[in-house]
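Some structures are shown below for you to check.
There are two complexes below, and they share chain A, which is joined by chain B in the first and by chain C in the second.
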Partner chain A sequence: MSIDTAPSAGATALDATSNVGTRRDMLRRLMMTVGPILVALVLAGCILLVVGVDPLAYYGYVLEKGLLSPLGIQQTLTRMAPLLFLAAGLIVAFRAGMWNLGGDGQFLLGAVTAAASAPFFVEIMPAWLALFCAFLAATLVAMIWSLVPALLRAYQGVNEIITTLMMTFLGTSLANVLVKLVFRDPGTTVPQTRTLPVEDRLPRLFDTTITSGLVLGLAAIIIVHLVMTRTAFGLKLRVVGANPRAAVHAGLGVPGLTIAVFAISAGLAGLAGAVDIIGVQGNVRADWNPAYGLAVIPAVFLARMNGFAAIGFVFLLSVLSIGGESAARRLGVPNHFTLVLVSIVLIVLALAEYVDHRYNQSRKA
Partner chain B sequence: MTGLLSEVFLSALLFGAVTAAIPLLLAGLGEQMSEKAGVLNIGIEGMMLAGAYLGFVGAFYSGSLWLGFLTGVAGGMAVALVMALLCVRIGLNQIVIGIALTLGLEGLTALLHHFQFSRSYPRLPAPNPTVIPTLADIPVIGPAFFKHHLIVYLAVALVFAMRYLYRRTQLGLNLQAAGDKPAALDVAGIDVVKTRTIAVLSTGALAGLGGAYLANVGAGLFIPFITNGAGFLGIVLAMLARGRPVWVLFGALLFGVCLSLTTAMQVAGINIPTDVIQMLPFLAVMIMLVLFGRRASLPAALGIPYERGAR
Partner chain C sequence: MSNTTPSPVGDIVALEGVTKRFPGIVANDSIDLSIRPGEVHVLLGENGAGKSTLIGMLSGLQQPDEGRILVDGKPTPITSPRQALALGIGTVFQHMMLVPTLTVAENLLLGGPWWQRPRTEELEARVAEISKSLGIVVKLHARVSELSLGEQQQVEIVRAMVRNSRLLILDESTSMLTPQGIEELGALMRRLVEQGLAIVFITHKLKEAAAFGDRISVLKLGRKVGEIPPERFRALGEQEIISEIVELMFGKRKDDPEAAERPLGSVRAEAAPLLQVADLEVAATENAPGLSAISFDIRPGEILGIAGIDGNGQKQLAEALAGQRAATGGSVRLAGAAIETLSVSERSRLGLRYLTDDRLGEGTVGTFPVSINFFLKQVGAAPFWRNGVEQRTEIDRRAGELVREYDVRTPSLKTPVARLSGGNIQKVLLARELAEGAKVVIFNKPTYGLDLANTLASRQRIGDAAQRGLAVLLISTDLEELLSICNRIAVMANGSLVGTVANAEDARTRVGRLMIGLAA
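Moving on, here comes the complex of A and B:
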């Protein structure tokens, strides 16, 4: 199988279905993922040594709190829910060749909408319907927010990297304005929205603390993957991504598809916000911005926009971030180290893929 | 409202606007150079942070602002070197590496700051302004524009130097070709990888200087995440400017005025949430794009690593 290691700006390989590998291939892929992660851990460990922290103790905590301890793994799986929705949204956009870099703005507006509407809906209708309406509202708001970049790209050809980046700055500020001025809970001194009572939030799975949002997130990313690889609609989007001009000649309604891509992508980002609020947080505090989007973008690329691979990368990100948070508290290393770790992991993974590609090429030649 | 329009207030507002605009200007000019040569440099935020941190460290320990600028430039270039090796030399995905570098430098500078300065938060002494004779005596405009640190005038002069570079020199044409049709440049016997590497390293130098200015002159100290999206604003400016350095200057000033307005409003005690004012520059640009949005003229090969002989 061929892996295109130099994905260009618009390279959204049409052969998405071709990476159904043999067992040996699967094993090699696993090695190519685990090996680089170990290398990255060693490199990041050197930084820990420099600042005078025992890397083994640190990684021990990360592993224990992020993966092995019952509470830790539950937190990790809970953290995955919003990241999976964001990744699903990015897969749609990137496969269609649209650079939706505005995920964080769409996420926050979705979160604020859900936080503002859920307590209101809960009072007037049964809980399941209320949550559904809150999800719907969050999706719609995020979709509407993406309409400006979508229309500008579809009909004016304005580059969506600029517009989505600007809209994300605007969205972050707007979300803050909404929390502080419009939806502020009058009952608290800290500026935040009304808190959704725990019993009205998304149910937890069985006897654990894992949010059922995880199931929704997994469903979302798998559906997105299947739609993009197995349906006519997905093929149309991939054609637009591979070559917009050819898509026009093939008779596809490119402007309409562009708007659809932005709507789906932003809608999923809005859902990510909603699932984090309704499932976990319960309210939005002023200036809350977890900036998940920035870390998910490279993960989706490394997954080659493959939904199943993206689940793996999102899991890795979650383990590192939850484990890093605990380790930071115990060892006095600020949480910022997680950023360094994630960054090194991403770079080494990208490098490993390049080396693998070169190795394959030289074997073929 | 009289307080708002007083001479002192107005000149302070404009002074703040210039101070806020300079890092954006340098980031925008740097990003413009990379983009011209076909490299979408999303790591510029990380380069600015490296520049801000090392710039501050240099200035703090040596006591010399200029040495601080120099270490800032070196910091930005060090990050750019990684970007050039990974994205230009071996052609890894520019968005993955760019974002990874930004995340990594955010974490690394915050980490180093935590272990070094987080107990004392040391500050640098206020920089000595270079007062331009006679011009500085003009009311309002004088104190606003002609009493800055020397580096500010140099940054503005750089705009015109870049204009000259792009229009009148061989290197300028090479850069343009590396972004528009790298194969043609290769056929002409000029090394595409080398040309792009020069562009990315220059971006690192400019972004590093911008970061160092932000920390040393703008704030007088380093705090984690000090750039707060300035690099991304630089990307927006570079794309809006369509390859013209002078437009970057105007754009940076527009954003600078809005940023300065945020501080000024708070000082004047006007009760508008800062979030609303922070939205102004983006709102202004979005409205401009909606009204006058035309097809962006980005380099054809932007974001695509060059591989000789590739189809």
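Moving on, here comes the complex of A and C:
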């Protein structure tokens, strides 16, 4: 029979030590994140060497175009706007333990809704109200699109990974159909929606080409972070995510919360589509699918579903994708090499996590 | 029953003083066991008595912390399942370990060297030989998914035989079989031991132990509390064996530190019952028994105990009362108000508390800090949340109070609760359920897996709660515990209450009789 001998202690005396612990923990986390990224860059460089491309030139172009040149950084920051909304939606879902992988379908339906409604609304109401209504419409449509997986998961326990993925195929096709058959602009020969006049789009920041959608995206992800970490609602969602049986035991209405999670997550994905259309593109062309939803998932994982860290990773992803497009053009590397790079980062991070875990285990034993 | 007197045969496998600890729990406490060829050695014990850990060590999944395992008289560490197989120890686990989409033959061929073609003819000959000697039919070319559970089990046994096992461990093998399947398994075990095999048969059903065994070892809370050797076994009739086992499992030990005298608080007989349950029914599910016609009252200050072998519907009763499990009929009244249609949180608001036995599985969120786990059932309530926003200072202040009041030993309030020992996690739960506004408290196995100090402390809390005028329902498989603090004890079997006795001098024997199916 063992009897606990650990010293009983009041909370106050211990808080100081635990703060030091947290700081060391933070530093370790940072090391565990930055180290593997560097390793991944080296590994990706080796791949570039194998295909006969100078990795330093590649990374140089990526940095120059994605980060250092004035035009490039403005494009990077503009690209961040929809990605931030998507990341915010994923944070809500993942923290609640629901794997909404239907971001692209929800994004495109939001985009098409915004593209179809914004030119209509600006003709009948003041511009700010019109844009607000278009955002609202995009959010609602995406939310409704998420109802099927949400209801199936909440009441039948159907795995949402499968249903959201299937719904994303349907959503992508439906968005296309809507562009080609319903909202097609009669004034053009290429199938696309009516174009929102530049002066009616979201204003640009100061004298740059950066969209003010960036500010909205930052606000969205910070609000989501605070809601998830500081409020009762966020705590309920996290309980559902961390231990669904404890949620039932504690008397939380799990089905209702599940539907709320899907609605919020999909709504934010819809907003991402709207902000890209109303802020930047102005219309949706048929067969347009940037697949941002899937690209953001690794960034959110790398950030461990922390909103502030996600901002950093979304920035990194934007630099890589804007810079990577340019570097790919100049060096003849396929455009998708960005994805290769991101996936190598992810694999190395996972390996680092595993090694770290094994190290901790062996130290304890 | 075999009637050859075992000549001094050596043990195939022997355990000497084997101890295995997990954080906060001693799963096996210096256990001695001798496993001999030609014997069905029954390991009997409740869930949590340490049977699974023992099997884990024999089959190479776990290593003992102290003591040693002897194979053929030589100390041999069993470091992996592969090595256990090589030593001739085959295990048929509680849950089927066959691939349902493959045929029986394919399943039996799994695990062979990957660079060789499967030796199908050799297997067929071998299986024919084995199944003939055992008098069973094995459909080698049927898909496993088409077989009944009993047939699947036979396949697993044949698989162990094909691998030349000398010791066969059957872990809770009867739990999923039909009565007829159980009979067939018993006959099969008899034929196997006649061929000189040793069998370890794990069960918590007394009847099976008495019917199929040659030797019985009884485990209780990680300790081996008794053994009936074959000579004695043969001398006794079935009823005598059962009552001897009951004595071992539930009997009073001498010098037992837990056996306090009964400090029963007086219950005012005229007080109106706080909790009234009438004809409560719950439908049975695939893996849980249902409840039928459960009725009882508990008055303020009273502790009603529920005794019974684990798995007879105790958890279902607790969950149905708490609102976690849908009842199909009957009524539940709390202080006169009907609550059977209310949700978990509504019942909780009225003062019903359920202290679950699954502390980490559903009682807490292991990765969340201790402080938050105190308030999991109050998320959003003032003063800890205002307008939905967390008030961290208020939470930490109150959590600090509870930590001191309930003597929770934690490095800090921010420590993830799963890092605490079982006893301290239980203190967190006790603090959460007993702190404010409780009227009726359901305790489900509140001292399960705790060490002595924490066991006594938890019982003290339960007694204090009743003293404060709460109505207490105490579900426990530990008869000693029930006898030490309950006012009345009801016995549960097969999802219904088979009798209720007042906790007087003769309560021990009367409850024991009810538990083995006799009238009190």
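Here, the second predicted complex is superposed on the first by the 317 of 365 C-alpha atoms of A that agree within 3 Å, B and C clash if a C-alpha of one lies under 4 Å from a C-alpha of the other, contacts with A are read in each partner's own complex, and residues count from 1 in each chain.
Following the convention adopted for this analysis, contacts are C-beta pairs under 8 Å (C-beta built on N, C-alpha and C of every residue); 3 or more make two chains touch, one makes a residue touch a chain.
This structure is a prediction, so every number in the text was calculated from the model and none was measured.
Residue contacts after overlaying the shared chain place A:235 against chain C, while chain B stays out of touching range.
Considering which of chain B and chain C touches more of chain A, the answer is B. In the superposed model, A:181 lies in contact with chain B only, and not with chain C.
In the superposition on chain A, A:361 contacts neither chain B nor chain C. By the touch criterion defined above, A:252 lies against chain C but remains apart from chain B after alignment on the C-alpha atoms of chain A. With both structures placed on the common chain, the touch criterion links A:209 to neither chain B nor chain C.
Applying the stated touch rule to the two superposed structures, the overlap between the chain B and chain C interfaces on chain A comprises residues 6-9.
Against chain A, in their complex, chain C makes its touches with residues 21, 24, 26, 322-324, 343-348, 354, 356, 358, 361-368, 372, 376-377, 379-380, 385, 388-390, 396, 399-400, 403-404, 407-409, 411-414, 421, 423-424, 451-454.
Chain B makes touch with chain A in their complex at residues 40, 86, 90-93, 95-97, 99-108, 110-112, 114-115, 224, 229, 232, 235-236, 239-240, 273, 275-276, 278-279, 282-283, 285-286, 289-290, 293-296, 298, 302-305, 307, 310.
Interface residues of chain A, counted against chain C in their complex, comprise 1-4, 6-12, 14-15, 17-18, 230-233, 235-236, 238-239, 242-243, 245-246, 248-253.
Looking at the complex, you find that chain A touches chain B at residues 5-9, 47, 51-52, 99, 148, 152, 156-159, 161-163, 165-167, 169-170, 173-174, 176-177, 180-181, 294-295, 297-298, 301-302, 333-334, 336-344, 346-347, 350-351, 354.
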